[in-house]
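Each of the next two complexes has chain A plus one other chain: chain B in the first, chain C in the second.
Take a look at the complex of A and B:
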């Protein structure tokens, strides 16, 4: 399948800074990596199935599981359609919250915008009716950044009823 | 263009002997409904044979066919397989043909200009004596429809009948009918829905099948009147596909309605993306299929 060779390389020099960030984030507290899965346009269906299974297992109620599945799908779809054409999802659980991080493999497949850093709002617009707008609606937290090594989108789903701003264990 | 539709069920002649091989129960129901609707509209007698006439009537009623009223006037007859094609001693082609000829004679005597007979053939899956005569029945039906003002639609489940039987039976028909299908893979199916008119999505819909969805919607909105997007068997739809559906709805004249039949989770998604604020949209929640 085309695109599998674009799997992100954790050892890639341009990714190392962002990745270090993620490991630090995960290494804190009781984090447990539940899923680490590469995807491209041919495996989005499998990605959704894996997220659904893990979210149910993590104890998210059904409607929140549906929300998580669509949120991850939309982030992955952005990586496939507007980013590198492939990417990687990591999903973990900490203090009852489900964290997902979607990385695309680097510069856009088309070559446009390559190397432009900073916020990616220009490339991934948060417009009403668009995928990212929906992600922002259903996720408790969302952040999207791009660097020379690619784009990273992270979302957090807190256990029902918890206010994310006051529930930090720190 | 839609693929795999050899003849559209809506274009069958009045002496057709049509074979409907279906993969999903919805297909049998939908194409039978179209066959029945058009027969009733033409003033013909319509006979529907199935294992459960009551269930069949209820399902036709959901599809906007006034089955009860038509049965009350005698224009429509709902028959159980056991009271029609299958006799008390099992199956014989002669006995089954005798029943069919009686139906034709009755309809003529009562003044109907023609008769349409829809046969759900799933009775033939049960072990019974004489079932080896099934091809003889199909041959005799083929010979009987010519010039008789009778058309017959035989529904065969392609997942349950063995391929050898289907290969033997199908060529004995004058037409093969199937739902016009825009997309079909193990994850998603997009096909035309005949009654009520529109399209049917089953499985999981995302942007990868956008082209097929655009084609299906484009054809659907060209029909007159209201259209239904039946998503009762759809378990996932992404934002770009929702947008495509709502854009199509927004393009409709305000006198027309796009009915979105979907499960509660999908209904929520459409509402989140603003579909419920469009005057042309009617969101209808269903539990399933």
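Take a look at the complex of A and C:
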């Protein structure tokens, strides 16, 4: 594999682990991996079903569960469309928040700017769908990074729809 | 007519004011191109108004909604309209997030099990 470059991203040192190949970026706190599932275009329905079941299990309200399923699906669909046609979802819970991480190992197909790296949002325009835009609307946090080894998108759903790191007065 | 397109099922019936396309199952990336073809086929022959009954559809992603929006655009350009009827909650949410209610007519949103009203919106004589 050539995609093993783990240099910290100067723009986001705290995200230096984000491009690590195999591990979920579960942070330091206590986290329990709930789901680790590979997908391709033909198995997105199974991915949605699994995410829905685990989100309910984690105690997300129904409407937030809908939103989480929408968000994970759109990230996975982007991985299928712009990655190597497949990807991997990992989902875990920490402090009541649901974290999902979608990885694809593909370099962009057919002559796209595979080498540009950086924030992949810049080369994920809202076409042909509005996938990433939808994710931004419903997720409490989102980060998307790409490197030579592929793309990693991570989202967080907080229990009350709020980011505790922002809500604490400063 | 009955089509099987992965997890998406579709059938077409003749309504009072145009064809009614009934979708059920789940519509996503894997079925988006087939959905486009279905819609395009229904738009043939100068159809002015196409009703898409979503009551059996559990999930629709942005790629599928995009196909619906494009069909709606075609109809608008010829003075017609695409009407989306009876979306379930998760589908109604995607329509709302994508601002589709600004582009298409959405009837009978997110009703769960209100049979008579739903039947009226979807298959009855309609509001003309």
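Everything below uses one rule, namely that the second predicted complex is superposed on the first by the 130 of 170 C-alpha atoms of A that agree within 3 Å, B and C clash if a C-alpha of one lies under 4 Å from a C-alpha of the other, contacts with A are read in each partner's own complex, and residues count from 1 in each chain.
By definition in this document, contacts are C-beta pairs under 8 Å (C-beta built on N, C-alpha and C of every residue); 3 or more make two chains touch, one makes a residue touch a chain.
It should be emphasised that the depicted structure is a prediction, and the values quoted were computed from it without experimental measurement.
Asks: Taking chain A as the common reference for superposition, should the pair chain B and chain C be classed as clashing or as fitting?
Replies: Clash: chain B and chain C overlap once superposed on chain A.
Asks: Would you check which partner chain A:45 touches, where first means chain B only, second means chain C only, and both and neither mean what they say?
Replies: Touch status of A:45: both partners.
Asks: Using the touch definition from the top, say if A:87 reaches chain B (first), chain C (second), both or neither.
Replies: neither
Asks: In the superposed arrangement, which partner chain does A:150 touch: chain B (first), chain C (second), both, or neither?
Replies: neither
Asks: For A:66, select first, second, both or neither according to whether it touches chain B, chain C, the two together, or no partner.
Replies: Touch partners of A:66: chain B and chain C.
Asks: Quick check on the superposed pair: does A:134 touch chain B, chain C, both, or neither? Answer first, second, both or neither.
Replies: A:134: touches chain B and chain C.
Asks: In the superposed arrangement, which partner chain does A:74 touch: chain B (first), chain C (second), both, or neither?
Replies: In the superposed model, A:74 contacts both chain B and chain C.
Asks: Chain B has the stretches 61-69, 79-87 or 169-177; which one runs into chain C?
Replies: The answer is stretch 61-69.
Asks: Both chain B and chain C touch chain A; at which residues?
Replies: 41, 44-45, 48, 63, 66, 69-70, 73-74, 77, 81, 128-131, 134, 137-138
Asks: Under the definition above, what is the set of chain B residues touching chain A in their complex?
Replies: 187, 204, 206-208, 236, 238-240, 242-243, 246, 265, 268-269, 272-274
Asks: Applying the document's contact rule, which stretches of chain A touch chain C when the two form their complex?
Replies: 41-42, 44-45, 48, 62-63, 66-67, 69-70, 73-74, 77, 80-81, 128-131, 134, 137-138
Asks: Please output the residues of chain C touching chain A within their complex, sorted ascending.
Replies: 6-7, 26, 28-30, 59, 61-63, 65-66, 89-90, 93-94, 97-98
Asks: Contact residues on chain A for chain B in the complex?
Replies: 41, 44-45, 48, 63, 66, 69-70, 73-74, 77, 81, 128-131, 133-134, 137-138
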